[in-house]
Amino acid sequence: MRVALFLTCVNDTLYPDTGRAVVKLLTRLGVDVDFPAGQTCCGQAHYNTGYRHEAEPLARHFSDVFGEYDAIVTPSGSCGAMVRELYPRMGERARAEGRGDTLAATLAPVVPKTYELTEFLVDVLGVTDVGAYYPHTVTYHPTCHGLRSLGLGERPLTLLRAVKGLELVELPGAEECCGFGGTFAVKNSDVSLAMGTDKVRNAESTGAEVLCAADNSCLMHIGGTMTRLRTGMRPVHIAEILASTEEEPAA
Amino acid sequence: MSGTFVGMPAFPEAAREAVRDTTLRGNLRHATHTIRAKRAKAVAEVEDWAELREAGKRIKDHTLRHLDRYLEQVEAAVTAAGGVVHWAADAEEANRIVTDLVKATGESEVVKVKSMATQEIGLNEALEAAGVRAYETDLAELIVQLGKDRPSHILVPAIHRNRGEIREIFTREMSEWGRPAPEGLTDTPAELAEAARLHLREKFLRAKVGVSGANFVVAETGTLVVVESEGNGRMCLTLPETLISVVGIEKIVPTWRDLEVFLQTLPRSSTAERMNPYTSTWTGTTDGDGPRVFHLVLLDNGRTDTLADEVGRQALRCIRCSACLNVCPVYERAGGHAYGSVYPGPIGAILSPQLRGTDSEIDASLPYASSLCGACYEVCPVAIDIPEVLVHLRERVVQGGPATRAGNRVVLRPAKGHAAERAAMRAAQWAFTRPGVLRAGQRMASRTRRFHPRTLPGPGRAWSAGRDLPRVPAEPFRDWWQRTRGGKDGAAE
Amino acid sequence: MSSRERSSRERILGRVRRALADVPREEAPYERAVERDYLREHGTRTVAETVELLAENLADYRAVVHRCDEDGLPSVIAGLLRERGAASVAVPPGLEEAWLADTDVTRVPDRAEDTAAALDRVDSVVTACAVAVAETGTIVLDGSPDQGRRRITLVPDHHICVVRVPEQVVASVPQALERLDPLRPSTWISGPSATSDIELDRVEGVHGPRTLEVVLVDGAAASR
């Protein structure tokens, strides 16, 4: 099986540790993962801000870069949802606008092959214990697109529960949005901050050292709020926890 | 606070005020969290919720897709049952029809059942201008009317008020409108409800004209349905001699049987009850029981424009349950007033810009009043994909394009104020289709990272005002991958 | 309809038709467009269990539930009126005479010419019902002679409603609608008047009767 890592533009630029963790984890599980150098951005920010037409070339580019792989793994619930849920919709809209089936046909192949990391682990590789070791108290925030668009459900929690040394504590109001929402964080920053503050206060109330999620965009917002509020908690991507072992613990 | 929405600031500014109002935040948090848990329980009781939701969606979609036929069927059935049907293309026409009908009875006051359609058209103000006083009889509407306030929720228009504030409003204002509040009124909900009962009873008993909306209109029989809790609806629907119902054209369902879906999904979604205390159905007039004269005013007011949009038309499936408001994290913090419309919350954010267009500042900002978290779609009993419509309307705002206004096809120009954003999006698109350009940018960011400020100027200030910026790493992932051949040359580096 | 309104009718219908230009003419008709995969009733229950569920759900929404057989009904009704201290009771024209045989409370017949204000001075009302829904704890009135006009069960503050079990009890909302005639005005009642308008929490008692008593009368053994 030819497996490609779609790291996402945000992770590539700002969170390379998450990318290294995904590579380390998948390699440990016997997957030979490739990072196609042509990859850039899935177009989600464009699409969700109202620039669907500007997002189309990015989607076509994505399809060109990843089309030949058997599986595309991404450590981002929202970018995964962009491909799986919104690429088909972009095709439909182009058709409704009288532009034919070309876009839909171009994008169709990558849609079913794209997996969010925890889906890939649980559904494709069939593992729930990845042999990780992480001796910390962790609370898990299910990000909205992972939760509601992709329906990740129990997968991330199942993986975390199997991690040696990890104490998982429940996050109150877990399913409430953290307030990131892409450009929402800037366009409606007051509401976004109020949501982020409530999320951080809830996380703090658990006594956990680490807030874990499967999406660094949300963690950037939550983490930025945490340091501003001087909580002492850390935001950590789930890949970094799952990649951590007794021999090579996470930083 | 004024009673209208004219000249509302854009959503972010209005929301900023609300976010800082700690009493309001507390009131909304308490109310929405109470109902959220109850709704989840009421929905979990029925194992076929998903099927009911799908059937509700299909019934509404089918009706909307053949609305001309069903409108004619409603007209014929209501007329055959002794009712009189009127057609109103916009708010002004609806108000004129109702005002003329009330004037023709010789009465100078009407009692009203809570109705979104009459709020939408500003009927009370129009009646007042014609010398007719309209008494709101729903408890929350009464609180809003007495407080000279604006509604902030579809189901519970006074959700922004807590019991203490309600007590204060009743004590201060009731005497202006009729029977004063009882001496020594406390803030226990039961006492407040009793005060409303006493205050309104004299109005019900003498009322000659009632005004209502309807939750459903059954096309095959001409039956109207009003779903309520307090009994004020029954009072207005049965005691007056004349009943005038103003109903949006999207309220139609084809058959009596279709009610079996909505009478299960609506109560559980709105008040989180298995069934609301009272539901009234009536078909035209009945000899000796209830009003002798019945008028049905069918209201367009932007609905056909909404219908013309293939993506946006799903908003017309809405049955006004307000589950989407109760679950919305943005509504919970911004409050209903920030939405500048009688339709607040997620459904308002997709309904108002369609019914009214995106010309005004507030309407152009509403599609952005969401983090697209999807909680609204998840709870919607007719499966309106609110995030999908929000994004679609964002596109209309920033890109313009074809739309329908007052029945005419128009081509909208992109809204002002998005020029810088549009340029940035295009630049990003250019870079993102050229990996080499992206890489050069990433390297530049990494090399200059020592000089990056902790706060940002310009639009970025909105980010860094409350959150720290992430630190740019020493090298982007792609450089590490290339340097180490995917970690094969020293994985831990 | 004035000529202005007539032109609005044509204008709205025209707008609707133009708005739906994308809808194919051969689209599936109503019967096929609406799949009804939902249940006709939730769970499987014996007749007795369905009646029991009705009693439970009525009580859950603060209706006061009483059970008796046909022979005991007059004394139950008399007792409820006495406990209430009712001086007068509104009576629908077709109510069974026997039901009020044991009480001497003043009967107020339901007459079209009486004003709402006169009805406001009546303490209680006794009616039958058209159907009762177990799953939701709902009684439905349809204005039949033993239920009277809608106003008599609205203005007095105390409503006693008699449900014949098991024949008037259905499990679910779909089954209830099947039994009702849409051309008759219907009132669905689930507990006493209530509101959620103060802080979204339910409080009983606003404009409708604040006390709802439901008598489940076992008619199986009787002649009816």
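Quick notes on this one:
As written, the chains take the letters A, B and C, and residue 1 is the first residue of each chain.
Assume a residue touches a chain if its C-beta (ideal position, glycine included) is under 8 Å from a C-beta of that chain, and two chains touch if they have at least 3 such contacts.
Because the structure is predicted, anything quoted here is derived from the model rather than measured.
Taken chain by chain, the contacts run in an open path, each chain touching the next and the two ends left apart. Top contact pair of chains, counted by C-beta pairs, is B-C. Between subunit A and subunit C the centroid-to-centroid distance comes to 52 Å (mean Cα coordinates, whole Å).
Between subunit B and subunit C the centroid-to-centroid distance comes to 30 Å (mean Cα coordinates, whole Å). A straight line joining the Cα centres of subunit A and subunit B is 32 Å long.
For subunit A, residues touching at least two other chains: there are none. Counting only residues that touch two or more partner chains, subunit B has 310. Against subunit A, in their complex, subunit B makes its touches with residues 11-12, 15-16, 19, 25, 310-311, 329-330, 333-334, 367-375, 377-378, 388, 391, 393-399, 421-422, 425-426, 428-429, 431-435, 438, 442, 445, 459-460, 462-463, 465-470, 472-473, 475-478, 480-482, 486-487, 491-492. Residues 7, 9, 11-17, 19-20, 23-24, 27, 33-35, 37-41, 43, 45-55, 57-58, 61, 89, 93, 96, 144-145, 148-149, 175-177, 179-197, 220-221, 223-225, 227-228, 248 of subunit A are the ones that touch subunit B when the two sit in their complex.
Partner subunit B is touched in their complex by these residues of subunit C: 1, 5, 8-9, 11-20, 22-23, 27, 30, 33-39, 42, 57, 61, 112, 115-117, 120, 133, 135-138, 143, 149-151, 154-155, 173-174, 177-178, 182-209. Of all the residues in subunit B, the ones that touch subunit C in their complex are 27, 30-32, 34-35, 45-48, 51-52, 54-55, 58-59, 61-62, 65-68, 71-72, 75, 81, 84-89, 93, 97, 137-140, 143, 155-156, 158-159, 162-163, 166, 189-190, 192-194, 196-197, 200-201, 204-206, 218, 221, 223, 229-232, 234-235, 237-239, 249, 254-261, 263-264, 267, 271, 273-283, 286, 288-290, 298, 300, 304-305, 307-308, 310, 313, 326, 404, 407.
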